[in-house]
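Working notes for the structure below.
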Amino acid sequence: MGDIIDIMSANLISPIILSFVLGVAAALARSSLSVPEAIAKGLSIYLLFAIGFKGGAAVSSHGADSTLVLALIAGMVLSFLIPIVAYGLLRSMTRLPPVDAAAVAGHYGSISIVTFVSATAILTARGLQSEGYMVAVAAAMEAPAILTALWLAARSGSGGRMDSELWREVLLNGSIVLLLGAFVIGLVTGEQGLKDIESFVVNPFKGVLCLFLLDMGLVAGRGLRQARGLLGAGAVAFAILMPLVGAALTLPVALLLGLSTGGVALFMTLAASASYIAVPAAMRVALPEANPSIYLTLSLGITFPFNLSLGIPLYLAAATWAHGV
Amino acid sequence: MGDIIDIMSANLISPIILSFVLGVAAALARSSLSVPEAIAKGLSIYLLFAIGFKGGAAVSSHGADSTLVLALIAGMVLSFLIPIVAYGLLRSMTRLPPVDAAAVAGHYGSISIVTFVSATAILTARGLQSEGYMVAVAAAMEAPAILTALWLAARSGSGGRMDSELWREVLLNGSIVLLLGAFVIGLVTGEQGLKDIESFVVNPFKGVLCLFLLDMGLVAGRGLRQARGLLGAGAVAFAILMPLVGAALTLPVALLLGLSTGGVALFMTLAASASYIAVPAAMRVALPEANPSIYLTLSLGITFPFNLSLGIPLYLAAATWAHGV
Amino acid sequence: MGDIIDIMSANLISPIILSFVLGVAAALARSSLSVPEAIAKGLSIYLLFAIGFKGGAAVSSHGADSTLVLALIAGMVLSFLIPIVAYGLLRSMTRLPPVDAAAVAGHYGSISIVTFVSATAILTARGLQSEGYMVAVAAAMEAPAILTALWLAARSGSGGRMDSELWREVLLNGSIVLLLGAFVIGLVTGEQGLKDIESFVVNPFKGVLCLFLLDMGLVAGRGLRQARGLLGAGAVAFAILMPLVGAALTLPVALLLGLSTGGVALFMTLAASASYIAVPAAMRVALPEANPSIYLTLSLGITFPFNLSLGIPLYLAAATWAHGV
Amino acid sequence: MQTHRAKRVEIIIEAPMERRLADAIIAAGITGFTILPVLGGSGRSGRWSREGQVSSAGGMAAFVCIVRPERVDALLDAAFALLKSHIGVVSVTDCEVLRAERF
Amino acid sequence: MQTHRAKRVEIIIEAPMERRLADAIIAAGITGFTILPVLGGSGRSGRWSREGQVSSAGGMAAFVCIVRPERVDALLDAAFALLKSHIGVVSVTDCEVLRAERF
Amino acid sequence: MQTHRAKRVEIIIEAPMERRLADAIIAAGITGFTILPVLGGSGRSGRWSREGQVSSAGGMAAFVCIVRPERVDALLDAAFALLKSHIGVVSVTDCEVLRAERF
């Protein structure tokens, strides 16, 4: 217990989290502070490239153990199933209509790569290793939840449309391709490659993450300001409960797979995180009737900050505890 | 005297100043060289974040001495009063109509954060320390001058309008919020935070400043090219005299406060510098009758390069000399 | 021979080349991955500044030897003459109309600075030095080919127009000015300047090049996808043959000049590379009848990747071999 | 200067539908259009601005499509089929063009 | 396809006034508008371009606002009150819209 | 609100010609215009998008130029002289403006 508080407080006063807080505060105070769209996209390209590359380089130097494939499968299964749990909770905790509930559920089955990146930074700060292939697991967990969401929506009569074109868009969306591509580059070029570009992908990483989270804070804060009054207490409670549920479902799976403490914490973080890039774009095309303000506010305005501040330290503490048992 | 020349020549052949010169030259030669707006804004976000953070971290490790509050108050008072001096000079040296003179005066009471950042880089290059809280003083000096400018304009019959909305915009403008926010983050996370993101906020700092000054040079050069003929000799003389006057007024104040040599030089630089971001935006809203070409050309086209090349070394030499007396 | 294969395979699995491959693959698969235009431009500003600066700093510390001027002249002569060879090949190998052949020929006489930058990165990785002034040679080779192209077009009846305005645009285009300006800054500030901004222009260089080549790959891949069917086998063969011809013509010249092995390889690379920035822009103004898809696809879609993957290692092997003879 | 009557159709549509609208316009037999970026706006679903967007899911794009008068219905039908369940606005203006053979 | 008469009002205004104009339009009872970025231009105060700007103080933005004909006066009054001492240009065009209930 | 008849001329032109068109418009005695960025488009020479461009050689820009009716021919002549061998589209729309003395 002292351990959790220790991890949490170390986390809460890190430049990373405080940059996010600064962004939220600036947005709520209606400051003109803003990060140009192109810069935000540039920062995220850097982060995806760096995290993917380092994951690949780690696998290349430690070797891929046999759990890689099992972890990928487990990740996809969780991404398929978590939306069902989320949908059930939403329908009982809120008055959201089925189509909105289905859309929201899809977001929670999928993942947020920035939450994942932040978790790796927290692990690194505490000197914890993790399996490099977790970035591949992250990629694998992005899409399945969308299918489940559309199936849930179709069941309730509002026909979600998933054509081959949308499939391609989802599976080949820029983030996944960059993350996996950089993973493969790291895998192929290995230690030599890492030495080549270490002072680019390793040293400034945390600083770049600060600026990116500053922007995320600005976006989340603006979203919260606009969505004031749109969300009931039930929905807000869901956005805090659901990551805990997702993480709890994943803990035993991750332990069964035999992941390291860091790996368990990352897997829990993935399950706990909610998408705000790939899934919203897919939902606008496939389920245009669902209100985007609802799912964006829940995932970006509530669940993302919750995971960043309290969630990740909690999952890490749980992983440490479970490994000690 | 040899000292001044020494500092000046070291300054004039630094990559920082030469990058600015390159920008001016490219603009005057009508080269197509340009820095995309988003990149320029991204660079300035980096610089503000880094300078604020390092200031906060410095205060955190050296402790805030009691002069902090006094320096803030002194900065605000100078920002209020300098425009009155500037207005007097302008009305006697130029034929600018009152409303334009008032607008220009407001720019010289406020500050240019890039001039400040360049001064810190010059100090660092010479191994000089300065008070970390000078970034807070910089923030405090931004707004008061706007009030004085509007009061000067109102006195002369052209009613400046300052509503609560504009107040909010000025006090919470993006640069101030980022600078102060990063300062607080540095203060809270202290040495550990600095270690975390040192290779982001410290190492590449000078290089980033070079690219940013390249862009400033392009903008200043284009401005000069377009304003050819717009400004009389009196206005140009003002733009060189005024920073010296501002710095001279500040020197005794800074000495009285007991600042270090570096701190005195920075305080003089702040007083000498003229705004070209916050104040122009406020003037367009509150004093639309004032001609923006005049105040932008004077502050960005003349005073900024003057401070960058000759002013800062001069203020540093004066601070060194005054400390020796 | 074993040497060539060795260099090539080391090159082919470097993060640099694999980033390009990732970009091409993502574009061909129609992924939504994209680098914002402003970011791509920002990356290229960084690369030009860094490569120019380092070239200048190298000249400053090793001294400029007397071959500098001869190398500049040789570069300009090659840039003038190579288009004539290219035009001859194009007219015999393809059915392109004269105006298109002339436009394409101009591209191959000029140079691609990114190809040059990639070659320097490959040299550095192998611990090879080269003459710092090669960046000035690169700049000198950019424009002459445009004149030859317009002369070729005029000969065939389609009047290319080259007015003084276009001259200024070509000679003072942003890339040349930045490259040469940074070269001069490096030259003037020398070792001290390099120490000042080393952790900006040296350390992250390769990583930035990776992201830039990722974007180049995306652009090249999209171009290839759209130009499918537009180009005959003859044109494709030309785009692979011509760089070899250009490099072969340059090898004896570079040896005569007495350049180092690295210098010879860079000179060959310059001759082998084809422009896709300065020349296309000039051709749109001066030869609007020429089809831009043809010259962009050949230079960016075929010759650029060829040089990056196979060409540069080949030129380096040839330079090594010729120096050993 | 000789000009010809044409119609200028301007469509504001949410960004995730941008490529689909382009495909639909081309499928309707119309090859010429231009896409402009959008910074922000306001509508029944509230105010938004580009800088408040973390992804392209939230942005919008503006299509400008100049067509001969007799083709405007094909274009509107194509646009409407896509737009009906999506956020977006369509306006049609009379205009004159040079070089009518292009449209 | 059934269309309805409307007015397309386009306003080019200096960037520091952008949010104030948006507020004024909404205060005039009109909720729909779109803001486009502007790269540069020329006017009585000379030529300018986005890349020559160090701050948003110098840029401009373009508003597009489609309204029912009977609302155009309210919109123009609101815009003019703001614009009169500021740099800016207003044009009004007749257009046709789909889904008139939106405007 | 008192408005005046004017013409709204919109020209889409390839980026390398942007400055030349601006110069030509000014040379034709017209000082007011605005340039908007273009993201992409489609035409007889195929589809393109800003993100597929490595240089400004491939992009386009949109000019908006509001002029008094009697000046529209001078503007079209100037534009056409430049455009005839280049990629580009011109449209002219009737509009009403406030503050006619500006145009």
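Assorted remarks:
By letter and in written order, the chains are A, B, C, D, E and F; residue numbering begins at 1 in each of them.
The rule we apply is simple: a residue touches a chain if its C-beta (ideal position, glycine included) is under 8 Å from a C-beta of that chain, and two chains touch if they have at least 3 such contacts.
This one's a predicted model, so the numbers in the text were calculated from it and none came from an experiment.
Each step here moves to a touching chain, and the least such steps from subunit B to subunit D number 2. Considering the contact criterion stated above, the chains in touch with subunit A and with subunit F alike are C, D.
Distance from the centre of subunit B peaks at D, each centre being the average of the chain's Cα atoms.
Among the other chains, A has the CA centre that is most remote from the centre of subunit F. Averaged C-alpha coordinates give centres for subunit A and subunit D that are 34 Å from one another. Here the spacing of subunit C and subunit D, counted between their Cα centres, is 39 Å. Annotation for subunit F: residues 36-37, 47, 93-94 touch two or more other chains.
Shared contact sites, meaning residues of subunit A that touch two or more other chains, fall at 34-39, 42, 199, 203-204.
Listed by label, the pairs of touching chains are A-B, A-C, A-D, B-C, B-E, C-F, D-E, D-F, E-F.
Only residues 34-37, 40, 165, 216, 218-219, 222-223, 226, 276-277, 280-281, 283-285, 288-289, 292-293, 296, 300 of subunit A touch subunit D when the two sit together in their complex. Put simply, subunit F touches subunit E in their complex at residues 1, 3, 6, 8, 22, 25-26, 31-37, 61, 64, 66, 93-99, 102.
Of all residues in subunit F, only 10, 12, 36-44, 47, 49, 60, 62, 73, 76-77, 79-80, 83, 89-94 touch subunit D in the complex they form.
Residues 14, 16-17, 20, 45-47, 50-58, 85-87 of subunit E are the ones that touch subunit B when the two sit in their complex. In the complex of the two chains, the subunit B residues touching subunit C come out as 13-15, 18-19, 22, 25-26, 29-39, 42, 125, 199, 203-204, 206-208, 210-211, 214.
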